[in-house]
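In the two complexes that follow, chain A is the common piece, with chain B as its partner first and chain C second.
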Partner chain A sequence: MFDKYIVCEEGFRTLDDGRTGGVVEVRMPYYRGLALSMVEAVDLVVDGRPVPAARTTFTVHGNTYRFDQLPRTTDDRWEMGERAQLAFETDEPLAAGEHDVAVAVRLRISYMPVPGGGRDAKRLTLAAQEI
Partner chain B sequence: MTAPAHQIKRGVSLYSFQEEYFLRTMSVEDCIRVAGEVGARGIELIPEQMIPGFPAVSDEFVESWFSWMERYGTTPVATDLFLDTKLHPGRWLSQEEQVASVCRDVDIAVRLGATVVRAIINTPPEVMEESAPYAEEQGVRLLLEVHAPFHYEHPWILQHLEVMHRTGSPALGLMPDMGTYVERFPRVVSERALRDGAKPELVDLVVSTYDDHGDTHALMDVVNYRGGGPVDFGLARQATHYIWSEPKAMLEHMPLIGHIQAKFYEMTEDEVEYSIPYDRIVPVLVEGGFDGYLSSEYEGNRHIQDVHPVDSVEQVRRQHAMFARLLGETTGEDA
Partner chain C sequence: MTDTAPGLPRLGTTLFSLSLEQRKPGRDFASLVAEVAARDLGPGLEMVAFQSLRGWPRLDDAAVREVRGVIESSGLTPSCLAINNDLGLYPGRLLTDDESYEYVAVQVRGAAALGFPVARVGVETSPAILERLLPLAEELGVAVGVEIHAPLTIEAPPVAALKEFFVRLDTPWLGFIPDMSSSMRAIPEAVDDAHRAAGISPELTAMTKQLWAEPGPTVAKFPELERRAAQAGASPAQVGNLKMLFTMHGKMEPERWADFFPHVVHVHGKFYGIVDGPDGLTDPSIDWPRVARVLVEQRYTGFISSEYEAHAYSDRYDAFDQVRAQHDMLKGLLEAEASVVVAR
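Let's look at the complex of A and B:
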């Protein structure tokens, strides 16, 4: 329902901790917030290459999680419309300029017999490198 | 035109402004202000939508909440609960945990000054029964939403009615969602499907089958036989998920009905809902002596956001102009 808003146009940047990779900001395609245990997947594809979940982390309002921690996280939430930071590692540094970013979110919605969520893809421009 | 005497009040569920709230172009305060501006007096809130940090509700939020009510001439009426039976991967919430979840949300309603709690359709009857005494103690009514495709003869609803009648609990009741009175297929939905690449002849088939109140059970199959793809299947599935039934069916259940979710998909420039005949629904509520809130629930945003900016405020304004007319608040054409 909010699929077109999943990938944020702003905030796409390289990691600033010395690792190679980037950060893309993402929103949940749903009309309320959900405990993180119900966020089953936030799959990322950068320039056509799937990034394994193990090479990504997920940050909501300053709290960072690995994806294998989410199933047990019932005391923190991804709020409605909140921009979460999906950080990812790559083998090679991200080149300056445009990148194709696709994100698929899978949610476990209790009143629905099938998985909820949605997908979005945008061409994003890497923000200028901070020094 | 004068409507018969009635005690029906107008409200807005802030769910109506989900597009603007999601994009942070409207705050909770803005939503309440707009509701007040269109003449709505009752506010319905989905705490999980608009209270960051839920289920914790800070004193600061509560203080702001009541100050907004005062400032905009509104009053808290209802909160909507969800029941996350699938909170944990691999196991269902136990009945005890489900009841605890409901009671937690009753507490939130009380903090926010609401006396009605919408129990989501997946709330099991036994959980309603076990939660009822606590709700009653807290002065809150737990109302099961009667949401499409459910209706008053459906076994799931009958099980709930059995609990309500057997226990006679004053805390239990019904909250009909007017999405159960979709008389013709919402065009915002079929037009979106066309933009998404649905086959025009299959869209026609789906819409005409629905509008003729034909048999929609096998629509997805027929759409498949006719070469449909995912968008066509999605539309066909929608047709099985909307329902039309006679609004008078509410009369029999009126003593249990404490609140109305006035779902809508498109208010036209003429201030009528394209698919839901409110001009035949409101008289039924008047006839039945309904004295709660008609609470706007705009849900058209998701079908039009791909082509133009969503203006939920204007949509809600139009619905309230219609309610004011149907409730006899305005003198209509003779004004």
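Let's look at the complex of A and C:
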């Protein structure tokens, strides 16, 4: 039931630090918060092209992490319902208009018989940039 | 409050029932607890610490005061705090016994600080860890309960080991938390919604339900389920959903809950939907008259936390209304059963 809430309809935007790419906001597909060390992957596909994890960062309540830092991060948590910011770099600037965004989250939950996580895909609209 | 007669199990709600409600914009902890009270869904209040309490288990004094204040002003009674033993915290290995003890102990202390008389763990918290927790539980006055949830039943080896362990220690500070997911009579209808959303054909869902309903232990049916699902062309993700149908719904006879007594510290009134039938309110997937009989016969006077879980499958139903309906049904059943037991 949580899968359809993973990709947030709002908050899709371009990076504002001069790099090319964007930010998509994502929610935890689980009934409770988990330490970031238990977030094994947040795979992103934009317009059919997978974005390598090395070109993404993950931000919860203002704290930004590279994905290779998450396995060691046991003292910060992605809370249930919290919108995390998945920032990603692209070679070309993102055009204004519609983009297909697919996100697959893998969670390591020790007592579950099947791998935890979920996936969601939505068509999001990127507003034209104000200059 | 929907108070049951003295000497009977008491009703209550776990905020887990309202998982989808908690995600709505503008919904905060205080307003949720207040609404549970306003809708008369107490007197017991349970919550999942890692769901409802931001920053858990490191709450500072101000946060503890705030949570306690919210509960006190609601008039609800803290019944149980669900805590977690995340054995998979680090990649590539499980927590050691020392780490696991510390991970749980800090949360038991937190439960005490918030005024909860019971802390819930799962079977991944072994008897060895529980034995180490006992002095702390006793000192704090917080009972540590191990939830028995589907696919576990009384026959499962870890449950049998716990039974032996609780009998040996015979302390009020350690015990079981029966969850009705282990003793179901039918697969809830809401599962159909989830399967439809996952692209699983109605035929495949019907086949899986039929296999579930056949006699024999569910675990023995996994190979057959995989074979038939593969034959029908199910994807790995879909096969995962079908397996969850087996693991989330246990088929133990409700009477077997009697074997868990007297070492029961709390009860999870797990359910997936109450319907208004020709004979009044009824639960198609859990046989509550039989459950109520066991609880009354065992003279259980603790809380039954209404735990509505169909939100995991469908958002078609209102969780508040569902808990209301379960409370009305349970109050009637418990009081009717009490008069039968007394008359005997």
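Keep this in mind: the second predicted complex is superposed on the first by the 126 of 131 C-alpha atoms of A that agree within 3 Å, B and C clash if a C-alpha of one lies under 4 Å from a C-alpha of the other, contacts with A are read in each partner's own complex, and residues count from 1 in each chain.
Simple rule for what comes next: a residue touches a chain if its C-beta (ideal position, glycine included) is under 8 Å from a C-beta of that chain, and two chains touch if they have at least 3 such contacts.
Not measured: the values here are computed from a predicted model.
S.K.: Overlaying on chain A: chain B and chain C, fit or clash?
M.R.: clash
S.K.: Taking the superposition as given, does A:74 touch the first partner, chain B, the second, chain C, both, or neither?
M.R.: both
S.K.: For A:13, is the partner it touches chain B (first), chain C (second), both, or none of the two (neither)?
M.R.: Touch partners of A:13: none, neither chain B nor chain C.
S.K.: Touch test for A:32: chain B only (first), chain C only (second), both, or neither?
M.R.: After superposition on chain A, A:32 lies in contact with both partners, chain B and chain C.
S.K.: Common interface residues of chain A with chain B and chain C?
M.R.: Common to the two interfaces on chain A: residues 1, 4-5, 27, 31-35, 37-38, 40, 71, 74, 77, 79-81, 108-111.
S.K.: Which bits of chain A are touching chain B when the two form their complex?
M.R.: Residue positions touching the partner: 1-2, 4-5, 27, 31-35, 37-38, 40, 61, 71, 74, 77, 79-82, 108-111.
S.K.: Please give the residue numbers of chain B that touch chain A in the complex, ascending.
M.R.: For chain B paired with chain A, touching residues are 15, 18, 21-24, 46, 48-50, 52-54, 82-89, 120-122, 302, 305-306.
S.K.: What does chain A use to touch chain C in their complex?
M.R.: Per the touch definition, chain A meets chain C at residues 1, 4-5, 27, 31-35, 37-38, 40, 71, 74, 77, 79-81, 108-111, 113-115, 119.
S.K.: Using the touch rule from the top, collect the residues of chain C that touch chain A in their complex.
M.R.: On the chain C side, the touching residues are 16, 19-20, 22-23, 48, 50-51, 54, 56, 84, 86-91, 94, 122-124, 151, 194, 197, 237, 240, 243-244, 247, 311-315.
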